Structures are given as structure tokens and as C-alpha cells.
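Letters A, B, C, D and E name the chains as they come in the text, with residue numbers starting at 1 for each one.
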Amino acid sequence: MDTLLRLEDLTMHYKTKAGWVQAIDGVSFSLNKGQSLGLVGESGCGKTSIAMSLMRLLPNNAKLVRGRVLFGGQDLYALSDEEIRKLRWKKIAMIFQAAMNSLNPVYSVGNQIIEAILTHEPETSEEEARERVKSLFELVGIPAERMGHYPHEYSGGMKQRAVIAMALACRPSLIIADEPTTALDVIVQDKILREIEDIRCKINMSMIYISHDVSVIAEVSDVVGVMYAGKLLELGPADDVFKKPRNPYTYSLMYAYPSILGEKHDLVTIPGEPPNLLAPPAGCRFHPRCDWATKECAKVEPVWHEIANGHYLACHNPIRTEAVKPCVEQVAATGNAQVAATGTVTEMHQVTAKGGDGNGASGSN
Amino acid sequence: MNELAPTPGTGSASLTEPLWKIRWKLTRRSFAQSWEIFRESRIGMIGIILIIAFGIFGALWPIMINTVWDPMVYDPVVGFDPMSMHPSPPSAAHLLGTDPIGRDILAQLMYSTGREFLLGVLSAVITVVIGTTVGTAAAYYGGLIDTVFMRIADIILLFPFIPLLVVMGSMVKLSFLPFAVIMGVLGGFGGITIILKAQALSVSVRPYIDAARVAGGSDFHIIVSHIIPNVLPLSFLYMMFSVTSAILSEATLSFFGVLNIDMSWGMMIHTADVAGYLFDFARYWWLWAPSGLAITLFCAAFYMVGRGLDEVVNPRLRKR
Amino acid sequence: MALPAATESGDVILDVRDLSKYYPVNQGFFSGKKALLHAVDNVTFQVKRGEVLGLVGESGCGKTTTGRLIVRLATPTSGRILIENTDVSEIKGQDMMEFRQKVQMIFQDPYESLDPRMTIFDIVAEPLNVNGIGTFEEREAQVEEMLNLVGLAPPSAFLFRFPHELSGGQRQRVAIARALVVRPSFVVADEPTSMLDVSIRTGIMKLMAQLRENLGISYLYITHDLAVARYLCDRIAVMYLGNIVELGDAEDIVKRPLHPYTKALISAVPVPDPAIERPAPNIKGGVSKPINPRPRCRFYDRCPESSSSCANAENPELKDVGDGHLVACHLL
Amino acid sequence: MRRYVFGRVGQVILTLLIYITLVYFLLQAMPGDITMMYLSNPKIPQAAREELRSQLGLDQSLFIQYVSYMKNFFRGELGVSFSQYPKPVWDILMEKLPRTFVLFLTANILSFYIGFVLGKVIAWRRGKIIDHAATVVGITFWTAFYPLLALVVIWIFAYNLKWLPLNQFIDPRLWTAAPFTANQVFGNMVCGAAIVAIGIFLIFFYLLRGLKPSRRSRVYAWSATAALIAAVVFVAVRKGMLIYIWDITRHMILPVLTLTLINFAGTMLLMRDSMLETVQEDYVLAARAKGLPDRVVRDRYAARTALLPTVTSLVLSLASSMSGGMVTETMFSWPGLGQTLFTAALANDYPLATGALAFTGIFLLIAHFIADILYAVLDPRITYTGQSGI
Amino acid sequence: MKSWKGTLAALIITILVVAIAVPGFAGSSGLYEMSVFENPTTLNIFSATGPQSTVWNDFVASSQYYTSLYGLAQPYMTFVPSVAADMPSELKQEKIGGNTYYTSIVKMRKDIKWSNNTSLTADDVAFSYNAVLDMDPNKLGGNWPSIVDPTVLERVEKVDNYTVKFILKEKPGLAQWQYGVLQTYLLNKAYWEPVFAKAKKASDPVKELLAYEPIGEPAAGPFMFGKWEKGAFFQNVANPAYSMKGQITTFYEDGNVTIVNPKTGFKWQSSKPTGKVLLKVTEGPNVSGTLYRILGNQAAAVMSLIGGQVDFILNSLGLQRGFQEQLSQAQGVSTIENNVNGFRFMMFNLRKYPFNIKEFRQAISILIDREYICESVLQGIAFPQYSVVPPGNAFWYNPDAPQLGKGLTRTQKIEQAVKVLKKAGFSWEVEPEIDLKKDKLIKRGKGLIMPDGKKMPSFDFMVMTAGYDPLRYTFGLNIAQWAKDVGIPMEAAPTDFNVVSDKVFEEQDFDAALMGWSLTAYPDHMRWFFHSDQAGEGGFNPQGYTNPEFDKLADAFMAESDMDTARKQAFKLQEILSDELPYIVLFDTPIIEAYRSDRIEYPYTEILSGLQRYGALTSTVKLLK
């Protein structure tokens, strides 16, 4: 398969008053044409920074420390400003996190899309562009007559669709979707997710889907990448990763959230707080919160390596067995007994002594 | 984050220090934090330095007149130096020269500084106290109170201050304090009310106001302990801008000779103007430059501090 | 009334009857017609002592308004709210003070619900202060105890910090401590975890469960997330455009949804398993606002199963279909 | 829209009513009346004074005087001036109005435009030298002492460099033979400018509509504009008025410059702040992601929305720019409303001062009103149903 | 967007460039251009003299268009006939219709024409008075009750075409008669009669009259209305029918005046003129018109003068001192200084001992070296003055009144002062010693002993603060110093003006003070300031001067209607005052004016209160190019 995008050891730091924030640290992956990659992680883990560095839209205080971003074989960071401007949207488009805010409130939605088309395809006439927008609107399920309306006249879901239509306007080869459904209600979210998948399959486009919600990623991605504190911890085919999460963080993320289907299970809690990226922990960045951590984890940074076909991992102590779902009985154990509850509180003391948001990390494993 | 914690307590129900001391420390710390942000603003720092410089300059007046200067010669209002022709250019005796009626410019400048401070700060404090109270009340209670005060504000916005004060000043000579009060009151019911009300309104719909209400807080409690403290930084910011407008108005009205103020920077220029020295700018520069510059720098200083504060108060303006 | 349940026992801590809240909508400067937004319309439910009732629905369905009505942040247009058998829908003065000590609320946004200019101590002690409970030392002891209880230990490390120095999870714990410091018997929790990150969310959820056990508090837990409701709540009420459309045991609702809306809601929740193909939720159109709604089933326009009989029938009322499982649908 | 406009008009009239009432009572509260002015000769017996007072209705109760004043006010009668007895205040003010109007409008539009453009540019280049320089220069002018600034400007440009006329609004040597009065010329200038402005607006509205106008329509639009201007100039030449218009324009430059220098910084700094907020908006990022050229992002995205709060604050600053206008009029011997108010005040001419203040109020109210409408036009989110509020 | 900006910028730049490139419009020839600070407000003489009587209206209109029966010949302010052919006849008692009146006949010149070439006749004159009387001058307000004084004037009758008869209710003094009624503006009956008739019918005749706009009103003065662009300029054109053009007024040293009009043959002389001719003034106008630019402030006016846009700055206050130096350096500009009609003086409280001793005051006056302070200390910004009538008021000024101590050196002054004091019985503990040859004070006097044998206590001399008036302040300090030199224990006390005014006029509780007055042309102030009936509280004689002889003389002066007799009386009054010194007159400041000497020429520039006094000599000025 053709490789569309390749990140090689991408390392991006932000300069702040307090020092350098290591927002992206040595991230490498590649994406094939037509493939969809899901990036999952908590807020502040560097997902959005990756999206922005792919568009070369980082704020002024960002600095590319090392690494390359190869798009269709071209190093994006070797291009001039004008070249990258022309490449944006034409080749790489983006669906923004806050759709409500990513439309200019004072221009009609249709015009904002037409403007993008006319900018990148100057030979197109305005009429042709209008026709194209019309068909895009149909594609995403907005009545074409609403083209002339202003964003404030749209509902949240419609705005999100309009933003998707806008992203598709120049038929880019890669779309980056940055949490496009976070602010939406489940039913709308479901519809949008399905539409995105539909369209992507129809026009065979690559996509990077960024979300903090493992479930959403599971629904839309071929390949899943798990990020933590600016680093990629695990990356692999969705089926593999979800069936056999190797990194403890992946595992915790998957089971930290109650599910609606199946039996009620206990929740895995991840103690503590994500690290401060001004001074991330030595060794594995997840080790202070990891129940599997050993002394080695605190000292040696795990190597990013392929463990199976297309399945990459950075961990000293990967979970080797089939993942065990935490079971309901354990919930009952902590829930019922008073002893257990007070025990939890005493444990909290110890955890907070380390600093941060301690909570009952009573053995989930 | 942990290094900010006070001395590790034992978790027992006794504080290691008296409460006021802790609060004092906290105030100092939050002040220090604001100061850190403020220091980022070059403009704000220039403003602060200027204000301090003016403060020192103004404080020199009582010292000089009580020690070095002969009040007969250097009194800013009635002083006269019979030894020289007036207006005399800067010399060793009169560092900034004398005005057309023989008074020492430097002494006038120093003497006025303190009074300008008083005028500016007094009227600004009145403005802000009124603006904050009215704005908060209007925002919190809404309804009739809101309508009445906002209409008043609309109307006051219609008043061109300077012409109005010219009219008033020419009919009843306004002296220093009444003028400061009028400026303060007019300012307080005008534009600032609208801005502070908007701020109070945005504070009053915050969830923590609901939380306070659920906790059982009365309206008074909510206004005094939640809304006003959160509006105050903005009030303080607008106080800076009010100082500027008060001083400029005073100077302009003094220039037109409609105020009953015996000495101010505006009066100094007025004196030079009526005596006919204010058109050959280069030659009689000492008659207008010190006072004109003082007005501009003084106003600009407060304005700059205001802009610096803006970055503290409004984090969205901060540099990333 | 179609509700036979629960008033006979003293077990009921909250009894909401026919609660409605209409908001006037500004239709225009000169327009004479008065439009009313039926934010909450004829809602009836009970919460038993020690129970957690989940109120689930999409944004704009009136769940938050219901919560605010119960803690009297808003005055109901009609209907009654009984807390421990006292009607609180129109109380004032001293009664209000007592009421405030019985019923508290936890807010959604931990970043906004704490006054940025107050220390943690001031925030947590505020309900004690304004109600004049205890001496200073007693208050301090209570605050410290409360902080311990919500997992902010040692309390002295937090007492004199400002909210912005705390992380989201810690803030939400402070908010919980503030709500619980007056030892209320009933707490309305308005999506306390929705703004938090996954790894922190779990901790708060567990804390709430623990506090319920340890302190015997009843909750009205408002959330848009059925999975969370399932995990935390004993019973779940599903709201749609100001009406409760289904109410019943949590597992029952999740496993055996009866109302078409509940079904759609459940099938729309994504699952963290690529192997599972969810059926598409069968629902038309989008949410509208219940402004002067027509007197028929609110879900009619979007209902996949609606029949012509629904078009002309009145808005259905909750009917018990067994085991305390109530549904408001003509089709059942 | 119509409903909105009517609603606003109602509010405006109410506000005006209260404003005039306030002005009226404020000035009534001041000491002195016409008999002190008019009958200054001590030889005049008391009886003559009393008679005059009763003729003017000054012996009636304040309230009755007020009611009759208000009645007359809306009939366009503002009483008679004391210092120019028995000249109607209305006549005096109408004579001054066009001059103030032209000066105020030109200066405000210019300073707003300059402030807007500069603010946009320096916000876009935040932290660069141009940002610091423009901010410092702006603050200096913003806090400058108006009268002194006016004197400096005159001294430099008119007295030393002799580039521009010193003072006044026309050159008497030219006008002694003029077949027009200055107010006729002012009227024609206003009309001409309005025709040109509306014409250009219509031309561009109809010919350059859409996002990508064709080359041909561009040529049409520009030639139509040129033709329009040429036509207006031609009419002026035919009427023999061009040289007089020209003379007034020349005289306007310095006062307009002074007013602009004083006022532009307000808009500039506001625009800068407002823009610094909008550049952080997602749609600006989105626009850049769309690959739009930098200038388009700046102008159509960041600046366009940043303009809205700036327009709002323009309303707030109108009164103060009116104050500046008064000072400027006085310093430049520009006989407009401001100068009239000033001399009326110094001469204790209450009816004239009241009238002038009322006129200023009406003037500002109309400006507020226009700014409101402009705001509503600029911001599609305003639906004209609710009150816009400031 | 971009093209817009570019266009706008280009437009603005073009306007600027063109504006700078195209120079101002060339001066129109034949116009005498002046600047005024305020708009005139009306052309209507009734308004301009009534409620709108501003100096600006008078400058541009009233003083330019109208003539009167009599006037004051400039620059010496001699009372001369203008439209009248000779002085009025002596006032006679006459019984008319049962009442006793005083009457006077005035014969008129026959050569006076209106601008529409009709003659100015007795009808016009009688109308001018009777119509105003009819309207009630009190209601017209302003200055009308003074110039058509209803308390004196009954009516004016036409005797023949060129003779009128004044019928007066009582015998008027000079102020009411020569300086009042006889100098009233003359109106064109044909023009005004219908206007009055119409006004009479209106509900408020006065208001109707005042509101009338006199378009096309015939003028008899040197100028007629030309064009008025409100707020910008005011233009007058020369009256082509002006009858007095070319008329020569000759002033003789003895104060006599002759008037000759070579064109019409009119001749008049005051009495037999003898002595040298002081000045010959030929009436114009020599310009095609006058142009008044309305410039709002004096800086603008001065810059315009320097820039050549105006020839003269018309301002009743003259120019501020600050401009003088700058103007004197400008090319083609001359500055002139003239005395104003006023003085600043020192006074003692004559109710107190020893201030009531005449010699004490004389000694002080002798000691004061006015010339030294004015010329050396104040470097010419003040004029020394000795008499309560300024020399500039030449007709009334008595040059022979004593000027104590004038021209003496420092020591001579001390010597003389000591002599005068000794004569009055003063003595010293230590007498001052001087060296006349070296003009040096060897020993200062100490311990002055009053004639009653007591040592004189120290007293306060109130002077204005330097901020209020630095000149008086400087004078005051110097006077106190000189007084101390001879042992007079005088302390100069700079005092706020309001305090001085209160203490002097309200409380009359003071020892000595330094104050100032400004005056009118007719010197009736001598009566008001020194008559004993003004010595009470609130009167104009707070120093408490009482001299029955003076009182009598002053009353006679006031009642006198004959000019020559009145003049003699005024001279006598001045002699008394200069000897008794109830005021020690010190100095006055001049009025400073400037004109473009490269463009215009005046027949004279020395005139009390400056050229502005009579509208900047519009009818006699000559253009040089």
C-alpha cells in the first residue's frame, strides 16, 4: 500500500515563561492511503499538537526540535510558507474540535466553503464552486438551500456537518478530525460518526481521527494510536489493540469507563494526574501512574518497537496475556464493605503524598 | 504545585498561624503573581515608573519650599522674583525659568503634581465606587433598577463633558474639589457603569454564584463576597483610565479659564497663553513644554498602567 | 395521576409532583404574542432515602432545569416539591435556611463553580458561614474533616490554595466537599464528571459512590451518559423535551428499554470494541425547542414507530409496565 | 428590521426628552438671567426690567417655563438668545450646524478608519516594532493636551511651513466675491459626498458582488466610480463652486488632522485588543488551515469580527470626540456648534447654551442610532427582534 | 478591500499635496484688513447699541456707518461739530405748553448726504431722536438710555430744513448733553419710518424693531455694509457719497481745532486758533473697503498679522505683552504703545493719623521714582503718571498741575521729602544722611516721630500679589523700600485682590493700598472718587477724602454744560488733587497694538487707548501698495 504520511521521530516543544513544554516527543508512525488512524489520549497529551504540526499551524512559540513530517514523500517543514499555504486544505484538510467556533460568524456558511474552493482552484468559476458546495451539502445531509445562512442559524450538529463539508471541499487526500463530536449529544454524534465513515469509504480518503474517547476511536479507526504525555505508547490495527492491549495505559483507558453493553463491570482507575510536560518523568512517562511499573520503568525510556505486524509498542512490562475485564464482584467488594472504603481513604493519603489527585487505586489487577 | 503549599499541617483542626496572617500572605502572594504578569507588559512598566517618578517629583515640593526655596520667590501662586525680567529662561536660580508674571515654573510644576494626583485619584475613586456599586446592583437585580441606571448611563453618554463643564464652569466657578467630585460622578454613572455592569452580569451567571446561593447565601452576601471581588480588578483598571480623563478635562477647562483653580498644569499653559507667549513655540518653550509634557506623560502613565493591568485582568490578551 | 408509588412510606426523601417550569421567550419588540418555553413540563418522580436516581437526557431536555428547581435556584411555574414531606416550592426566610442545609447541589463545571478569588477553605466553609453554623474552630474542623473525606489529604495542604492552583479532579472534590459540609440529606449532582478527563472521572465517580454509602446521602444524578447512570444509579429516569418518558431500575432500563427514545439513546452509545457492530439508532431529525408545544407526544416527529393514533392523541403519561418500570408511550 | 428601527427611534426620542430636560434644569439652576445681560445699563429703571421678564415668561414658575420650553422645542423654537436678543436660538444654531457636521463627520470617519487599519495591522504583528511604536505614538496623542496639540499643529504647518491656511474655515479674500454663502457650499459638499458615497456603494454592490468578481466587472466598477466622481466634479465646476469647495477643503485639513491625531488612537488600541481576542478564535485558525492567504485571514476573518466591539465603543467615545471637536473649533476659529456653545457659556446666554447642548445631544443620538444600525448590519447575529443594547 | 484602501490613501495624499502646492489666494487690492476675535452679531443699530452692544458690533458696523451732530475729533478728543454746522446755542429756559423746558438750537451743515445721495436734513435728525424716544430708550436697553436720555430729553423739533431745536426737561450737564444726547447716531428717516410704523403695530414693538434686518440702509458715515459671511469675515465698502471725504481737521497747540472741507466749502473753527499746528488730518476713506477676519484667538491673529493676512489686530484690550517682542522682530510690522485711560495709584486711609497730613503724602509722592521703576525695573512695560487725568486725554488733562518730585535724583528726592516732612512737624530719632554729589544714601532714617510727638508705628501697605499684578507688586515693594530709607515704617504686604477690595471698599479698614482704575473719556471720575458724599460705606471714596472747596468745585463741574468753562474747572480740580494727593497716582500700562507698516500708513498713532478706540482709523488710513 502507498504510504501517504510518515512522521519520523517528530519532536515539538513549546517555549513558555516557565521553560520548554515537551508537547510531542519522538512520535513516529505512517499512514497509508485510504487508511484511518485513531489517536486517543487524555487532554494535554499532544494529540492536537500533532494535528497542528501536520498542518504546520503551530503557534509562534512552537519549535520543531527534530524529526520530519513526510507527506506524499515531501517534507512539510522544508516547504515555504506560500507552498504550505497552497497545500493546506487542498491536500490536508481538518475538521476542528469546536465546530461552533470554527465558522466565521459574519459570513454565510456557503460562502466560507466557496472561498476555500476558489482560493485553491482559482480556475473554478464561482458558479461551479457553488454547485460543488451544493453537492457537498447533500453529501453531509444539509439541505442545499441553507447555504446562504449564517452559522448562528445552524444547530450544533448542522454546524459540524458544514465543517465536514468544508473539509471535503477541495477533495483532500488526508483529513484530520480533531474531536469533531465531543460537544455533541450521543444521537447526533452517532450520526456524524457514521457519515464520516461513509464518506471516507466512498472517496477513499485517509483520515486521522483524534479523540479522548476510546469507544469513538474504536468505531472509526483502522489503526489506533495511544498517546500519553507527548509520546505514542502503542499503535496498531484496531482489532489487535482493542483485543489485546499491550500497554497498561491502553488497558486502563479502555476499562476506566463504564459501558452500556454487556455486564456491569468495575472501573479501572488510573491514580494521579498526567505529568507536567515542562519536566516529564524520566524513563517511561507513564510509570508514576502505572501499576505494572518496575524500577526499570523509572530509569530507562522504553523503546518504540514493532511487536507484531503493524503493532508497535513502547513499554518495558507489556501485558502479555489476553486482557482480563475487571469483574463486577470486585466492585461489590469495594462498594459494600466499610472496611474497604476506609481502607481506600488511608490509601489516598499515601497517593496524595506523591502529589496530585489521589484516589482509590485499589487493586484492579 | 506543591511548593506553594503552606507549612505542612498535621491535619488537625488547628491552624499553625493566625488566620489574618495567612490571609495577608495569600494577598501578598496573589499580588505578587499579578505583578509577575504585569511586569511582562512593557507599557505597563513604563507607566508605573512614570507614576513613581511623578510621585517623587510631587513629594519634593513641600520639602523644597520648607528647606531650600524662599516662599516669597518660589511660591507657585504668589511668588515673584524681582531680580529678573519675566518670563525668564531657565537659569541656575530658576531651573525651568519663570512664567510671564514672575513665578518659578519648576515650583509650579511640583506643586501641581500633588494636586493632579489628588484630583485624578479622587475623581477616579468616586467614579469606580459609583460604577461598581451601580453596575453590580443593576446586573444582579436587573429589572427596574437596571433599566433606570442604564438609561441614566445612556443619557450621560450623550453629554459631551468638556462643553458641559465649560457651560457650568463659566456660570459657577468650579473649584478644585467640586470639580473632582463632578468628574467622578459623571464618570461613575456613564460608560464605566455599562462596562462594569456587563462584567458583573457575566460574573453573576457563573456557576459559583449559583453555588453560593445553594449554600444559602443572601443577595447581599453574594454581591459583597462574590460579585464585587470579581468585578474589582476591572474596576481598578477603569480607575486608571478615569484618572486620565479627569486630568485631561481639568487641563482643558483650566486652559479655557473656566475653573476656579489657582494653580495646575493647565493653568500654567493658560497663563502663558493669555499673556501671549504661546505661539512662538521654540522661543518660549519653558512656558508650555514642562506643563504640556507633564500633562501628557502623567495621563499616559495612568493610561499605560491601565493597559498593563488589562493584561492581568483579561488573560485573553496575554501573550502566549 | 398514574403514580401509585411510594408516598405511603416515610422512605421518600424527595417527592416531585407535576413540576413545570415555563420560560417566556422574547419573540420581538412589538410582538404581543407570548411564547413559552416548556423547559420542564409536568414531571413527577420520587427519590427514596439512600437512593440514587439518574436523570438522563440530551442537552436541552430539561434535566438541569429540574435539578435547579429542586434546589430552588429557580421557582417552579407549577407543581410541588416535597423534601422529607415538606413542600419547599414556595418557602422563604428561615425555612429557606433550613432547606439549604438539607439539599445541596454539585455543579457540572469544576472550573467555573468555584469562586476564583476565594481560598479552598473559604469555599468549603461558605455554607457554614452564611448559615451561621458553629464557631470558627468548629467550622475549621468540619472543613478539614470534609476535605479528608473527599480525598484531599492532608487538608492543610489545600486549605489556603486558590482553585486555579488545583487540577480539575481536585476542584470537583472541593465542590463535593462544599456541598456536603452542611451534611445534607439530599444532593443534586449535575453532571459532576462530564468535564473531567477519563482517568480522573473514574475517581470522582467512585468517590460519589463511597460517600453515598458512608454518609447515606440520596442523589439526583443528572447526566447525559446512560453508561454513567447505569454505573452509579439505582434507578434511571429518561427525559425528553421536558417530559420524563421512561423511568425504572437502572439495569432494567439499559437492558430492556421500552420507549423508542430510550432505545435510540442506548443504541447511539459507541462501544470500545471494534468487533461489535452497533445497530444504527432509529430516529429522525434533530432536537427542537419545546416552545408552545402541541399537546401530543413530544417525540412524535422523530419517533420511528409512531402511528397515526399518536398524531391525534394527547401527550402520553407515565404508565407502570411492571416492576416499577414506567413508560410514557401510546404504543405500549 | 423596520420594527427594530422603529423601536430604536422610540428609545431615542425618549432619551432625548430626558436629556433636554436635564440640560434645561441644569442651566436653569445656574445664577443670572437675561435682565442682567440685556439691561446692563444701571440707568434703566426697575420697571423696565420687570416688564421684560414677564414678556419672556421668566416670572412664571419654573415648571410652566419648562413645559412651554419643551412644547416649543418640538416645534423647532428654542427661544431667543440672550446675547443676541431677539435672535431665535434656532437660527443661530442652524447657521453653525453644517460646519460642525462636516468637520465632525470627516474627522470621525477618518480617525475611525485610520484607527481601524492601524489597529488591525499592529495586532496582526503583535510584539513587533510597529506594534510598540504605534502603541506609544497612539497613547501619546490620545493623552495629549488638545489645545496645545492644536497650537503646535498650527504653528508647524501653517505658521512655519506655510503649507496650509492658519485658521478660519474659508479665505475671506476669495469669498468677498463669492456668489454663494458658505453654508450653501457646505450643503452642496455634504450632498456631493453623499451622492458619491452612495453611488460607489451601489456600484460596488451590484457590480462586484460575490467572492470572485470577473475582470470585466472590476473594470466596469472602477470606471463607473471614476465617471461618478468626474460627474460630481463637473457639476461643481459648472456651478462655479469648485474653487469654494476647494477652499473649504484646504481649511479643513488642519482641524481634521488635529482631531484625527487625538482620536485615532482610541479606535486603534481598541481594535488591537479586540483583534487580539479574535485571532485566538477557532475560525481564524480554521481560515489559516483552509490555506487562505494571510491578508484574507487578517481582513475577512480576524478584523471583520473584531470590528464589531470597536463599533460599539465608537458609540461610547462619540461624546468625548465631540468634546475634542469643541476644543478644535475654538482653536481653529471654526465657527461651529462647539464654538457657539463656548461663547454662549462665557456670555451666560442660557437659551443659546441650552439649545447648543440640545443640538449636540441630538447630533450624538443620531450618531448612536446610526452606529446601532451599522452594528446590526455588520453583525448577522443580530436579528432585529430583541434590543441590541450597547 | 485592498484597492479601497489604496484609493483612499491616494485620495488623501493627493488632497494634501495639492493643498500644500496651491498657495493661498492673493490679496485683493484696496482693502484694509483687520482681525476681530468675535463675530459681530447684528447690523441693526438698535440691537447693536441695545441688548447686543458688543465692542465688535461697534467696531465693524455702528462706528462705520453713522454720523452724529457732534463728535470727538481724534486724536485729541476735542468736542467738535460733525453734522452740525456750529456749536449748539446756549441753553435757554422756555415755557412750552405750561411746562418749563430748556431749549437749544443746532444749525446743521447743508453738505451732508446719505449714501443714496439724498441730503441729511433736520427731518432725519428730529426723527432720530423722537422715534427712539417714542420706543422708550429704557426698553431698547443697552446704551440707549445714555445717548437718548429720557430723563433729560423731551423731544427734538425741526425748525427748518437744516435747523433743529432740542427741548430738554431739565438742564443737562456735559455728560448728558455734549457727551450724551448730542452724539447720538443719526438715522435715515425715509428708510426707518416705515420700519418703526410696522414695529408699532406688533405685539412687542421693541422686539420687532430689534429683530429687523436693515438691508440696504443708507449710510452717512464713511463706509457701507458690503458682505458678511457669518463666522468668517465681515466686509464694508467705502461710501461713495460720503460728504466729509477730503475734509481737513487741523489741531493747534492751544487746543483749538479748525475744520475745512475744500470740496463743499464748509468751514468751522473752535475759537481763534493760535500757535503751532500740531496735526492735520485729512478725512478719507482712502481704501475701497474694509475686511474684518474673524479669528478666534489672539495667537491666530498675531500669526495672521505676521503672515500678512491682516493689517491690524482690532482688540479693545490691545495685544498681550508676550507678542510684542515677537511682533517687533517681524518684517513689515510695527508695534505702537499708547496710554490707556486709567491709572494705578496708592492711597492712604485719610481717616487715620498721620495719613491725613498732606505733607506726609507729598513726601511719599516725592520719594517715589516712577520713571526709575517704569524704565529700569519694569523695562518700559509701564508709563509713569502723576495726574488722575491721563495726559492722553489731552482736552481734559492739565499739564500744569504739580508733579511732585519729578526729575529729581534719588538723594534730591530724599532731601526734599525730609524738608516737606520737617515742615509738617515730623522729626527723627536718626535723621537720614545723604551725599548729594555722589547721589548716595549714607545713613538711613530711623524712628520717625510724628508731629504729635509719638513715634510712628509700623503700618501695612497692601499691594496685589505678584500673580495678580506683578507690576503693582514690584512698585509696592520698591515704594516700601524708599519709605524705609527715610525712616517711614511702611511694610509692603502682598494681599489677594479680593481681600484688598473687601478691606478698602467694604470695611474701610486699612492703612495704605495700591489699586487701579480705568476711566471714560469725560473725566467725571474726579467727582465720584473724591467728593465727600462718596466717603460712606460702599462709596467710591473709601480713603475718606473731604475737602468742602473741592466738593463745591466738583459739583459745579458736573453741572456745567459749557465746554470751555468745564475744562477750566477740570484743570482746577486736577491742581487741587495733585497737591492734596488723596491718590498718589503712580503709573499705567500702555495698550500695545501692531500693524503692517509695509502696507498701511496712519496719519497718527498716538492716541489715548490706542488705535482700536475708534475702530482703527478706517477713514483716515492709507494703503501703501
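One rule holds in what follows: contacts are C-beta pairs under 8 Å (C-beta built on N, C-alpha and C of every residue); 3 or more make two chains touch, one makes a residue touch a chain.
Predicted model, so just to flag it, every value in this text is computed and none were measured.
J.: On a CA-centroid basis, which chain has its centre farthest from subunit A's?
T.: Following the centroid criterion, the farthest chain would be E.
J.: Decide which interface, A-D or D-E, involves more C-beta pairs in contact, and give its chain pair.
T.: The comparison resolves to D-E.
J.: Based only on mean CA positions, could you tell me how far subunit B sits from subunit E in angstrom?
T.: A distance of 49 Å separates the two centres.
J.: Averaging only over C-alpha atoms, locate the centres of subunit B and subunit D and give their separation in whole Å.
T.: 28
J.: Can you work out the whole-Å distance between the CA centroids of subunit C and subunit E?
T.: Computed from C-alpha means, the inter-chain centre distance equals 93 Å.
J.: Using the touch definition from the top, which residues of subunit C touch two or more other chains?
T.: 148, 153-154, 157 - these are the residues of subunit C that touch more than one other chain.
J.: By residue number and range, which residues of subunit E touch two or more other chains?
T.: 299, 303
J.: Mind pulling up the subunit C residues that touch subunit B in the complex?
T.: The contact residues of subunit C facing subunit B are 68, 71, 73, 96-97, 100-101, 103-105, 107-109, 112-119, 126-127, 130-131, 136-137, 140-141, 144-145, 148, 153-162, 165-166, 175, 178-179, 182.
J.: Applying the document's contact rule, which stretches of subunit D touch subunit E when the two form their complex?
T.: 37-41, 43-45, 48, 51-52, 55, 82-87, 95-96, 99, 110, 113, 117, 151, 154-155, 158-159, 162-178, 181-182, 246-247, 249-250, 253, 295, 299-300, 330-335, 339, 343
J.: Where on subunit D is subunit A touching in the complex?
T.: It is residues 210-212, 281-283, 285-294, 296, 300-301, 304-305, 308, 378-381 of subunit D that touch subunit A.
J.: Which residues of subunit E touch subunit B once you look at their complex with the stated criterion?
T.: Going by the criterion above, the answer is residues 298-299, 302-303, 319-324, 326, 377, 379, 465-467, 470, 473-474, 477, 494.
J.: Quick one: which bits of subunit A touch subunit C in the complex? Just the residue numbers, please.
T.: Contact set of subunit A toward subunit C: 42-43, 155, 157-158, 185-190, 193-194, 212-219, 221, 238-239, 242-243, 252-254, 256-261, 264, 267-270, 273-274, 289, 334-336, 338, 341, 344-345, 348-349, 352, 356-360.
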